[in-house]
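Before anything else, here is the set of structures, which you'll find just below.
Next come two complexes built around subunit A: one with subunit B, the other with subunit C.
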Partner chain A sequence: MIFLKSFFSREVLIYSKKSSNVISPVIFFLICIAFFPLAISNDPKELSRLAPGLIWICILLAGMLSIQTIFKEDYDDGSLDLFYVRRFSMLQVVLIKIFVNWIFTALPLILLSCSMVFLLYFPLEKLLNLIGSLFIGTLIISFFGALAGALSLGRNSILASAIMLPLSLPVLILGSSASTYSSENITFFILLLLALLFFSVPIISIACIGAIRLHYE
Partner chain B sequence: MLTIQGLSYAYSDRFLFKNLSFDLNPGEIIQLKGRNGSGKTTLIKVLCGILKNYEGKISFFTSSRSDVQNEIFYLGHKNALKHDLTIIENLKYDFRSDEIELAKLKDALRTLGLEAYLFTKVSDLSEGQKRKIILSSFIASNKSIYLLDEPLINLDEESKKIVSKEINNKIKKGASIVFTSHEENILAIKDINLDEYQA
Partner chain C sequence: MNKILGSITLFYHKLGSYPWFYSISSKLLPISTFLAFMIFLLGIVWGIFYSPSDVTQGEIYRIIYMHVPAASVAQSIYFSLAIAGFVYLVWKMKMAGLFIKAMAPIGASFTILALVSGAIWGQPTWGTWWVWDARLTSTLVLLLFYLAIIGLYSSFDNKKTADQAVSILAMVGAVNLPIIKKSVDWWNTLHQPSSIRIFEESTISSEMLYPLLICILSFYLMVFVFGLMAMRTEIAKREMTKDWFKKMVKKND
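Let's turn to the complex of A and B:
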């Protein structure tokens, strides 16, 4: 328990000191969202129809900027070595790192998307659906991104993107559908997203531990 | 006490070292020698449990492996410091110094001449100063086994003397130390040349 508390505080401190981790995805998201009306169309109906998908794509791409390097710094500077020396639970390490990364990168994007929807004429009656699907979907994407980051440690980031993007496709489809369809169909998509979350958390966490361990064999 | 019997480690179908055996008793110090790539860092990592796919037997003096892990101080080739944090923040959250009182750490930092940099970001320090941060944990720590990979690297002559003196103090208190270094005739009572254990 002491380790959990200490490690969580350490991660929060590192993210709060390293502002680029938070600012880069936010800037990327803002630019993308602001450019879509200029590049596609300024027709409110057209933008409103495309808005859920556009928001989801922007969040996915913005999230990729930081999640793929989630273990890189600890691997490069030797911090991961210390976790093995002290026999800390790697499951706790992986879960805390993913959760803190989500708080500092995905959460600001979700909050920001609430205030940016007006640019895309997103129907306000579906805003809660969008937020709900983003909360669950970004968590799943964080787990997939962490796995991609663990597998591509010490290699270039193209590999991480190549692993992460196909894995994230179901989340993208379910998430944008949950934000598009009428309220009676929402429960179905949200439940599917929740099922995917509960399925991916244990499996991807264990896969992450194995992928990190591979780099020490 | 640490006993190594028939230890071998292969990397990419090539043995870095083969059939290595030695004992490390309390109050004893061993220097690992060898040319670049002979496996000094790998052996340190095997001994402290980072690398596991070795052949042979590593026995510590207690039967409980988890207890032993708490008695090991590991200083790697990499410092495991976070560049955006200050010295004091790094030491607070470093898992080598989390059990050490802050006052002791500050004393050790003072010994190494870093007292004026407590609130300086690590990114603003030189490589030698970064090494000194972790060495301050080493000085303030009270473990029974120390596994040190190039502890004196990047240090000036004065700091080398201070660290060497601290190593001798720990030996006198009964600690066991294994360290790697390319420097000749420093500290070690006995040395192991890994070049002699190549396959």
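Let's turn to the complex of A and C:
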């Protein structure tokens, strides 16, 4: 328990000291969103039709940025070695790291998506659908991102994205459908997303541990 | 019963040895190449010259004899990669890791073949090269998975680490692939107006079915041949400096 608590506060401390990891996805997300109307059209009708898809694509792409922050810095400065050698429970390490990473990189984006009601004329009555699906969807994406990051530790980041993005395809489909279609179907999408979450958490965290281990053999 | 089990175990242990595999594959290779080629010839000639033409599509449907086998092989190879990944991670059988490395480019090529032949088939029948249909989209995603495996493998210098990494990725991908397929299917029913009906009645007359089945069989044999060749090349690359390999090369000279 003590380990859990101190490890959690360590992670939080790292993210709050190194704010670039938190800010860069936000900047990226805003730039992406801002450039879409410039590239497509400024017609409110068309934009509000495209908005759910655009938001989800941008969230996914912003998720690529945080792949590198989950394990890479600890791997580079050797603290991941220590966690591994000291036989801390790697499952706890992995889960806490993913969760804290989600809090600091995905939550700001979810909050920011509320502003899309103004920027992309996202229909207000579907905002709850969007936020709900984003909450679950980004958590799943964080897990896939962690796996991609762990597999490609010390390699180039394009490779990590090439691993993460195809895996996240169901999340993209379910999430953007949840925020596109009318609110009576919302429970259906949310349940499917939750099912995907509960399905991928154990599998991906075990795979993550395996992926970290292979760098130390 | 014990005897059968024992021989299976023995076979399994033999399968993990590079020299045994190298020598047995050199015997298997000519026979299987010949078989694959003959059966392919039989299927293609039967399909192109001796099967009836389709009522609605005319002669163009004959691309089915390339397209369907390629698509079927492309999916099967991916699941064989996942099984090999499981074997590698659980029993540390080095041949399984080598199998993934050798088979991934072959699978990717067959996926590309399926996509391209499908596009060529689609142009005259649907009037377009590409439709965002469920099958096409999930085949495209399959190609992405193959490319991710190939890319991940090539990013490691240490072969053992690379084998382990791609084993994990192949397994996770195989678990995820049915989910992707399901979600794409389901996305398709939401978005696609049913203006294009891709598969009409799935009853195919036996005169068309038999050559198709022969073609599918020949594609699997072809994969077997290509796989053997690729694995032999990979063994040669990894074991170039080992004694048994040098001795064997000397003996053959």
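Note that the second predicted complex is superposed on the first by the 215 of 217 C-alpha atoms of A that agree within 3 Å, B and C clash if a C-alpha of one lies under 4 Å from a C-alpha of the other, contacts with A are read in each partner's own complex, and residues count from 1 in each chain.
In this text, a residue touches a chain if its C-beta (ideal position, glycine included) is under 8 Å from a C-beta of that chain, and two chains touch if they have at least 3 such contacts.
As the structure is a computational prediction, the values presented were derived from the model and not from experiment.
Legend: residue contacts after superposition of the two complexes on their common chain; A:E217 is shown touching both subunit B and subunit C.
In the superposition on chain A, contact of A:F135 is made with neither subunit B nor subunit C. Shared-chain residue A:K18: touches subunit B; no touch with subunit C.
In the superposition on chain A, A:F99 makes contact with neither subunit B nor subunit C.
In the superposed model, A:L196 makes contact with subunit C only, not with subunit B.
When the shared chain is aligned, subunit B comes close enough to touch A:F83, but subunit C does not. Within the superposed three-chain model, A:L169 lies in touch with subunit C and out of touch with subunit B [touch as defined at top]. On subunit A, the surface patch touched by subunit B in one complex and by subunit C in the other comprises residues 217. Note for the complex: subunit A touches subunit C at residues 147, 151-152, 155-156, 159, 162-163, 165-167, 169-170, 173-174, 177, 181, 196, 199, 203-204, 207, 210-211, 214-215, 217.
Here subunit B touches subunit A in the complex through residues 45, 48-53, 66, 69-70, 72, 74, 76-85, 89, 93-96, 98, going by the rule given at the top. The touching residues of subunit C, counted against subunit A in their complex, run 89, 141, 144-145, 147-148, 151-152, 155-156, 160-161, 164-165, 168-169, 171-173, 175-176, 179-180, 182-184, 186-187, 190. Within the complex, the subunit A residues that touch subunit B are 6, 9-10, 13-14, 17-18, 73, 76-79, 81-88, 216-217.
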